[in-house]
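Below you'll find the structures, each written out as structure tokens.
Shared between the two complexes below is chain A, which has chain B as its partner in the first and chain C in the second.
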Partner chain A sequence: MIIAPVENVAQILIVLILATAAVIIMKRDIRSLIKTYAFQSLLLAVMALLLFSATGSLTLLYLAIIIIVSKVLIIPRFMGIVAKRLNIKRDVKFHFLSPTTSLLASIVIILFVYLSFSSLLSELNRFNSSIFFLGATVGMSIVFMGMIVIFTRKQTITNIVGYLTMENGVVLFSLFLTELPLLIEVLIIVDLIMLTLIATILAFGIDSTIEEFHNRLNPFISPPKETPQKQSEDDEQ
Partner chain B sequence: MLEFLFPLGLAAFFLAVVVPLVGSKIGAGKVTRQASLIATIVACGAILAFALEIVFSNQSFSLFVYQITPQFQFSFLVDRLAAFFLTLIAVVSLAVAIYSISYVEHTEHEERKNLIVSFMNIFIVSMVLVVASFSMFSFLFFWEIMALSSFLLVMSEFEKKETQKAGIFYFVMTHLSTLFLLFAFLFIYTVTGTFDMGQIRAEPLITSVAFVFLFLGFGIKAGIIPFHKWLPYAHPASPSNISALMSGVMIKVAVYGLIRFLLLLPMQTWWGILILAAGTTSAVLGVIYALKEHDIKRLLAYHSIENIGIILIGVGLYVIFSLAGFEAIAFLALAGALFHTLNHAIFKSLLFMTSGSIVNATGTRNIEEMGGLIKRMPKTALLFLIGAVSISALPPFNGFVSELMIFQAFFQSTVLANPFLEVILISSLAVFALTSALAAACFVKAFGITFLALPRSEEAKEAKESPKLMIIGPAILAAMCVALGVLSLQLFSVLGFSFPLPNMLFIGALLSGFYVFTFAALREVASRRERIAETWGCGFPTQTSKMEYTASGFSEPIVTILKSIFRTQKKSERNYYDDKGVIFKDGKAEIHLMNFFEERLYMPVANIVRKVSLKVNNLQRGDVDLHVAYAFATIVVFLLIIWWFA
Partner chain C sequence: MDYLALIAYGILNMLFVLLISPLFISLIKIVKAHAQKRKGPPLLQTYRNLAKLLKKETVYSSNSSWIMRATPLVNVAAILVASLFVPMIIIPQPTDLVGNIILFLYLLAMAKFFMALSGLDAGSTFGGMGSSREMAISALIEPVVIVVFAAMAFAFKTINLPDMFRDALASNVLIDPVIILISISLFIIIIVESARVPVDNPETHLELTMIHEAMILEQSGKNLAMMELSSAMKQLLLMGVLINILVPWGLTADFTPQAILISLGAFLLKAVILAVIIGLFESSCAKSRLFRLPGLFAIALFLAIITLIIEVFA
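On to the complex of A and B.
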């Protein structure tokens, strides 16, 4: 059982995390995007520590340490280096939705998540405290907001920030609903996607969008001019 | 003994699959192929001994192998019905394995020979395990392995355009079959909660739905009309040993499935009528289509459709009579169907193997370019003749006995009180009789044009007799054609059945006595003087092979009579020197036969599927962001559904 002051602090933290997610959706400047992500992760770590102080579960402490080491220190630093090398300062191109409409869409999404969770999870009888409900709702909403970031932005590096935000959402969700084994799997999968993307960027040099990178990676997609030439060469042989 | 034989067979099959694959890697192709096929022969021998033991002693054998979860398990149960089909598989596979030892060596690529041998063994063992399966899960599992391995075998000459078309046809049709079976099994599972075949109990309406799915699934695989189209494409494209297995055995596995599930489900009369109607249609249309074919393997493929039709007629009669309460007649029909299944497996594999020898020797599948082969390949000709006589159902060969059993069941249809059923049975009897006659006509054409008269091409002139093993394999089956025909009554009495059949041993002796007598009498009476004269050649000065009776000529009257079925279109163009149309200059005449089912049923369906696929394809642009957006939209929709329904 979580005592009242802890609950209040937790509520504030949750709202702050949601706010950082909104900032990630809106921001165009890549360096501040990365900084916001680091701040969001830090808030998440603080949340894990807070829950650790309330429940005494050591897993939460480990989680907080892992978050601080990886997401507050290593990943943002690494992303900063990549951004510097890319020489991209701002995101200017968007798919499907502009930042403002994405923000409006995410508000609607939060509403839907809230409604569906309130009808679905209330039967699980875990929500004797409203904080769990709030945490789960915001966690899931952040997953969606991360997804919006992924498909609205064209730059690979901001896509990665989107994936990372999604993963933060999953962690937040699982902080409040720890007994869902499926979620851990989702977390691992998201981590894998993220890792592969980062690894490919490291391995193949840096392209600004995934489409360009894809063309270069896949030798079968070659310009149509080249194919007849190759055939004629074969014929001569 | 049984516990030992079945695993022995499977182990030998395993060796036969692995050895050629290893062999092609280490460069010992031929030795490993031969070793593998010998292992196949051993395996078939073991399975044959195992199955015959069960058939004759009427016991059952069960084996539990492995379970993934309690519902998904590999368990086997071989009872008398399954053992009967195992016998069929083992006998035919044994002969085909012997034949293949020489036959595969004619394939062009070294590595491909090993692959063919290995996949052939996977194919055989999967058929064995389908028949032995007790749970629907393992049935479907091995069914799919059977489909895939046979698809790869059909595609063994994948560079050819014709093979690619055949492959696509076969792949789509065989997967439709699996799909329908999957529907049926899942449906039965949702109703009964089990994949065990032994525990199917359900309401009539529910089992009817399951039956329709099962009938479609097995029907596509068995090649009943209108789902037959893959057969005439796949058989000519695949190597002859594989055609022999596919036509001889694989489509019989579908018959097994149908009979097995009919015995498990509570039957209804309309199922019988449906099976009977499908069988009659397949039988008559199959033989009619066969008549116009000049490609020997395609001709045989159409005959497979016809014979599957005959088998289904027997099965349909079984359902109708057993529901009307006439157990004895029903059992006669079922036994006739099963016996015809065995017989067809034997003579059709025999015919496919001998036709493979012919195709190898002449390099063509068109019988118009053959002729005169009886002088050049006398042993193959004799074997083909035995197969042809059996499939034409002439006494005392096996085809006659099984068709007679089905006719016997038909003749007793007057016992049925229901006039509606009686009319159906009598009309389908008439069609069935027509089928038998046309089949005989078709094989007169196939044998006569292929083997008799003078060769009509250089290749046919140069043809050589096949190697020994390619004679021994079919010869085993030819011997069985005779034995199963002549000894049928004795065989049934050993198995404990008595049917109103004539003693074929007596009839056989009578017939051969008659032949010997006639021959001896003619030899005695005929004059010894040699008389050399030329056949009248319509006034042409020299006679060449061009003046022979051709296959087109032979089938022309029948094609003309049945032109409403063939949808024959005759086109002619004439040019004249003058404008009144008197002095003929030149012209062009064409006869087109329409592929009715392909043009009216298959292509329209395929076009619809294609259109839908192209629309769906538009959604897929290879743009990662777009795909994430799809995922996002899907999850949002799910959220809405949860909110709405929860």
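On to the complex of A and C.
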């Protein structure tokens, strides 16, 4: 179905998408995180166009157009606005794993996904070509790598980038393994746009972390503690 | 006859590395200068520096031992022998005599080891600091280098560098995706091993950031020239490995003058492009803190291990 040079270019694209996911795990600078995400989406769109040229299925063409409009242009723009409003340049707080450790953890994840796919799905006929196997594995791994980004980073804006990366993984997976109906793809992307839109609106509120935002939203439930020093001053007066 | 060709290859390759390598040091400096809207040194400045240093007398510290005297020679010798392993323009006939990557890596490591020793030898504070930093970074990058070269060996199913280049030249696909992963790792290794910006700053002297420059601070005259020449050659060797694996087009296996000329032109063109990329990369990032460096190495390690996974399990 897919001729050799196309397959080679597709492999190169898959590998590059995996490399961008690694960069997203490592980067601390928010602007370059967003740029890397846009580049990853662009690679994904090129991949969809490539598969369109090989198979001729119009769904892939529409998908490529939607990806370019939404994920390469609109969402990174929104995220840029959010980053500027928040006045955060870099995310240096991590929850459980440092970026280096999470990169090593993702090696284990990729190995795990690879082994489980090769044992579970090797009977399926879709895997007559190794490219489908590689694409599905990398797609699933990127979903997990996005999840790592979400739970290791503290800042909300980076969590959103992690979520977007996860979604890119789902698209890559669906390109190669199970073709999702276009309607679902469109709905997911509308979802993403709504997510970034809400993030933009909330930009005034989210200073740094979810916890602080929570306190700010509920000033009456958990009132800010008054320092004992101030109380003593009041007593003197 | 066979041995004659091999000897001719060796002499040509060595001379090529020896003569061309300073060019790329200046070229990267020019690219960096242009990125900062400066003019930069002329293209032949590194040759002039080396010629000037060769004329000067060598001064030894009264505290220094034979290590100080031996290090420049050991460095140049080790790197020159290593240059036999990386065919730049002509691939020699298949032979077991040259090309083992493990020996190649150990030759580079030996040069580095002696350089670190000479930094300690004179007993100056800067030299010792540079050596200890260099060794700390080496301890981190060395496993990465080994894994990357092991991934290369798995990808090409050989541990012989000329055989790898021959395979890369003969492969009919455009670019093997695995090679891209290895190339990114190799690029990071070039940056680290040739003491470039996110890791070390090659421009500064007497700054607290310097690593490589601090180690050769005690060298002077001819010895300094040899140290600088050997680090230039090391950079060109690693660049040659990257170029001949990623884009081997134009590389030749036969000894006709025409083929050699084409190959020479192609290699110079590709090396110039790579040098420009290195210069732009250096200009685009700042020197990072010592404790942030493992992150950079982890990317190289990650990509190399992915290569291993793909090669071993696929």
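The working rule: the second predicted complex is superposed on the first by the 188 of 237 C-alpha atoms of A that agree within 3 Å, B and C clash if a C-alpha of one lies under 4 Å from a C-alpha of the other, contacts with A are read in each partner's own complex, and residues count from 1 in each chain.
Note that in this section a residue touches a chain if its C-beta (ideal position, glycine included) is under 8 Å from a C-beta of that chain, and two chains touch if they have at least 3 such contacts.
Values in this document were obtained by computation on a predicted structure and should not be read as measured data.
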Worksheet item: Sharing chain A, do chain B and chain C clash or fit in the superposition?
Response: fit
Practice prompt. Classify the contacts of A:Ser32 with the two partner chains as first (chain B alone), second (chain C alone), both, or neither.
Written response: neither
Discussion item. Is A:Pro99 touching anything from chain B or chain C once the two structures are fitted on A? First, second, both or neither.
Written reply: second
Worksheet item: If you stack the two complexes on chain A, which partner ends up touching A:Ser130: first (chain B), second (chain C), both, or neither?
Response: second
Discussion item. Quick check for you: in the superposed arrangement, does A:Val15 touch first (chain B), second (chain C), both or neither?
Written reply: second
Worksheet item: After lining up the shared chain so the two structures overlap, which partner does A:Leu115 touch, if you call chain B first and chain C second: first, second, both or neither?
Response: both
Discussion item. So in the superposed three-chain picture, is A:Pro5 touching just chain B, just chain C, both, or none of them (first/second/both/neither)?
Written reply: second
Worksheet item: Just chain B (first), just chain C (second), both, or neither: which does A:Ser57 touch?
Response: neither
Worksheet item: Which partner, once the models are overlaid, touches more of chain A's residues, chain C or chain B?
Response: C
Discussion item. For the superposed arrangement, tell me the lowest C-alpha distance between chain B and chain C in Å.
Written reply: 14
Worksheet item: So which bits of chain A does chain B touch that chain C touches too?
Response: 115
Item to complete: Can you check the complex and tell me which residues of chain A touch chain B?
Response: 95-96, 109, 112-113, 115-116, 119-120, 144, 147-148, 150-154, 159, 210-211, 214
Worksheet item: How about chain B: which of its residues touch chain A in the complex?
Response: 622-626, 628-629, 631-632, 635-636, 639-640, 642-643, 646
Worksheet item: Contact residues on chain A for chain C in the complex?
Response: 4-5, 8-9, 11-12, 14-16, 18-19, 22-23, 26, 99-100, 103-104, 106-107, 110-111, 114-115, 118, 130, 133-134
Item to complete: Enumerate the contact residues on chain C facing chain A in the complex.
Response: 173-178, 180-181, 184, 294-295, 298-299, 301-303, 305-306, 309-310, 313-314
